[in-house]
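Structure in structure tokens, see below.
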Amino acid sequence: MTKANSGNFFEDFRVGQTIQHATPRTVTAGDVALYNALFGARFAAQSSDSFAYAIGYPSAPVDDLLVFHIVFGKTVPDISLNAVANLGYADCRFLRAIYPGDTLTAVSEVIGLKENSSRKTGVVYVRSSGFKQDGAKVLEYVRWVMVRKRDEAAGAPGDLVPDLPKVVEPKALGEACPMVVTRHYDFALAGSQHRFGDYAAGEKIDHVDGMTVEEAEHQMATRLYQNTARVHFNQFAQSKDRFGRRLIYGGHVISLARALSFNGLANAFHIAAINGGRHVAPLFAGCTVFAWSQVLDKAELPGRTDVGALRLRTVATKDQPCGDFPYKQDAADHPAVILDLDYWVLMPR
Amino acid sequence: MTKANSGNFFEDFRVGQTIQHATPRTVTAGDVALYNALFGARFAAQSSDSFAYAIGYPSAPVDDLLVFHIVFGKTVPDISLNAVANLGYADCRFLRAIYPGDTLTAVSEVIGLKENSSRKTGVVYVRSSGFKQDGAKVLEYVRWVMVRKRDEAAGAPGDLVPDLPKVVEPKALGEACPMVVTRHYDFALAGSQHRFGDYAAGEKIDHVDGMTVEEAEHQMATRLYQNTARVHFNQFAQSKDRFGRRLIYGGHVISLARALSFNGLANAFHIAAINGGRHVAPLFAGCTVFAWSQVLDKAELPGRTDVGALRLRTVATKDQPCGDFPYKQDAADHPAVILDLDYWVLMPR
Amino acid sequence: MTKANSGNFFEDFRVGQTIQHATPRTVTAGDVALYNALFGARFAAQSSDSFAYAIGYPSAPVDDLLVFHIVFGKTVPDISLNAVANLGYADCRFLRAIYPGDTLTAVSEVIGLKENSSRKTGVVYVRSSGFKQDGAKVLEYVRWVMVRKRDEAAGAPGDLVPDLPKVVEPKALGEACPMVVTRHYDFALAGSQHRFGDYAAGEKIDHVDGMTVEEAEHQMATRLYQNTARVHFNQFAQSKDRFGRRLIYGGHVISLARALSFNGLANAFHIAAINGGRHVAPLFAGCTVFAWSQVLDKAELPGRTDVGALRLRTVATKDQPCGDFPYKQDAADHPAVILDLDYWVLMPR
């Protein structure tokens, strides 16, 4: 029998099953530099040790999404190597700040299974958690993916659709964020004078700038996360696929949209939670990504006067500037929309 | 009113105005590695902690141009987001060596303003300074750019063309360079036996090698510097522009030319000052960059017997080897020339 | 006379000649991150400080092949700038683990010279060694290259073909590997339960996955190693060559094959030696690389019960999945094969 991993198929999963993922990964200043080179993020707390130290971090924390992508990457060989589609995320909470030198590992628990009526595929729900070297949980999220069956005749391994929160409650936000010394938060250095109180629910912000993606860029990003999903790297195989192209990792679009969102949300220095997200359409190299955001809600954090939380919808498009906030069209998704992300950020009050 | 930054227009500037730029940036070993991967620099002092320590640095300093690009990048959102063209540099002096772990910030002072006769644009002169976390000035330079007016009918905000030095005086060179222990300077490890005394004013050197630039490379470089100039990243917008292509950041060409210049100038271990420079023509991905240099002048540094200064003109071309030193042609620029840079380097005596 | 290096030609070499190569290079966490981004390696010991420490390393060692490429890169300006072809490797042994912060230098000794009958070229045999800052030898290997003569009429500088071992003896393996605490080797984190005892001589393993290479990727890799071979970077010159394309550094293929081999050889955590290797055909950007391996032999290491050695042949192909183990065809190389590498890896017993 072969020693190469061909991944799990739908009938290989069981509800309650726990999977320890390979490969432990020490995050370094090198990873941070590559992340900066790929996305051009400009949030001051992640960019500067001095700024971060002044406001209460021991040093610049690693970008939340870089941590997410590394943890996510570890789950791919066990969970989604035979996936047809990544269907959704829920209840993603960032629980600890990560610094260069920390080592990340990941574990997933299967919390739901639902065979599709075709009997060719089924939906696998996992709650994945990232841990650091001292055992502390760093990150937790639920993801569901449509996974192929190896054998259509195989029985369904379970039938349970988990009950998932639509929104992470404000009281669960902020665990990864130290008490911020707002009097030392330099708004000029941060790039904007707009703080929590300046944003209103319903407000829409066009992030103006566009960023074109090259094949080398998304390949380097995804390998950096040790994400092994073949659709991102293997043009030989993809050329026989319906798109004929390598698909760009959905998380690449999330990071591009987050980096673009600096222009209008410069003080949203921390992603505290992701409520949900849809990769509405695939992105291919050569396209230019734009983004806009809407403030869906505002929340105070229990016991904290330093920061408040904005619930944002950030929409990313391809080859379509966002001055008129493209989203829906005739009750369907606007054809240029590629990402619809619902998340909480923290901002100084 | 939108919270996104659309940049300053010509009429927004005032002579004497001081601008604190966002985002503070801690330089790391990761940034250095990326810089190496993008340009293939081989100067020994910047490449090796052991070599640097032996000659008098505490450890390998960060490449001078990487420091320049990071400081420059910070000025873009405030100074040149609405620029039509980057017209020139003057009086650029490197004042402190930077090491991984140092944090850079940037401030610019508006030192000149001159409306163009079209009244559609004007020239903005700024003196930009980079600082490290202890407040020491690291770098200072003057740049002038042609910036669009928001409103043609707006009055000119001033009319002053500053008096700028054509050349940085030798006595102002070397502040960022420790006293070099030349007896510990290993010329075999450095890659050449040619020292200060071996170069003659007027001498021309073909750097021989060529380097082809890819879109992913210049995009990664420019994002690494947090330079937000849209012309480098946004193919969707650029496809409607006169060139139809993304423009490569002029500083990318400077770094390529500097890296190529190792072949012939291996012991020019430090750029002490930039006297001036012209981006003669734009560079696009797919082109191959070549370079040659001429020694314009030689200078001793007051009170220093360890190193001497060479004033160089380095000319970069695209798709044109430099064996016959292309520069001018029929009193105009040679059509292959893209960069004409006048600067001082230090070399062991 | 020009100060630019045009490299040595065949008649410039002498048997017994020793060449100290430029540029000393401090390896950093940034180099490691770039290596990961370029190849997506997933071996646990190189990826995680915690994992490495648990099994006996002080921290995660730098990937063996990254060390090899950096040492190799230094030899290029002196040995192979005028090479027509890289003919082979032998007797490559890894002698010390390298960690971020270590500085590498390289020295080569000419151990053989053989003019070709055409009198236009000759074969140069060098034994190249890498050293770290404390003088310890890190790596040693023999390479032979066909080098052009500057002047066909020049006499042959020597005529000696060295006697080289076909295989590194098992007793010479493992110097760079600490005594591994196998009870702390976590096979779940490492990604596979298969250990030394589970592999049989003759066994073949398809590594399944494919990886497409972009121009920006191999250029960044090769510049990271300060490898100056012009064929990798200069499209202007290459467009006039018989292939019309930039050639990808052969070591890039070795690293891709090694990274792909994780899928089936996850516990082969250390390359102890390279017995020989052939770059069977060139690789160009846009192609997708696949790989398979065969266990050629197994060996115990004298005095060591912690790890055993597998002698592997890893074959890489372009645009050809390896499910049927392509290698030879009608007594010639299979047309899709680009690499045939014979090496020893260590694996926990």
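To keep things simple, chains are lettered A, B and C as they appear, and every chain counts its residues starting from 1.
What we mean here is this: a contact is a pair of C-beta atoms (placed from the backbone, for glycine too) under 8 Å apart; a residue touches a chain by one contact, two chains touch by 3 or more.
Fair warning: this is a prediction, and the values are worked out from it, not measured in the lab.
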Cα superposition angle of chain A on its copy chain C, in degrees to the nearest 5: 120
Interface residue overlap between copies chain A and chain B, same or different (over half shared): different
Approximate Å spacing (C-alpha centroids) for the pair chain A, chain B: 36
Two or more partner chains touched - positions in chain A: 28-31, 33-34, 100, 214-216
Residues of chain A defined as touching chain B within the complex: 28-34, 36-40, 42-44, 47-51, 60, 100, 188-192, 194, 198-199, 205-212, 214-217, 263-266, 286-288, 290, 319, 321
Interfacial residue positions of chain B with respect to chain A in the complex: 2-6, 20, 22-26, 28-31, 33-34, 77, 100-101, 103, 105, 133, 214-216, 219-224, 226, 228, 230, 233-237, 246
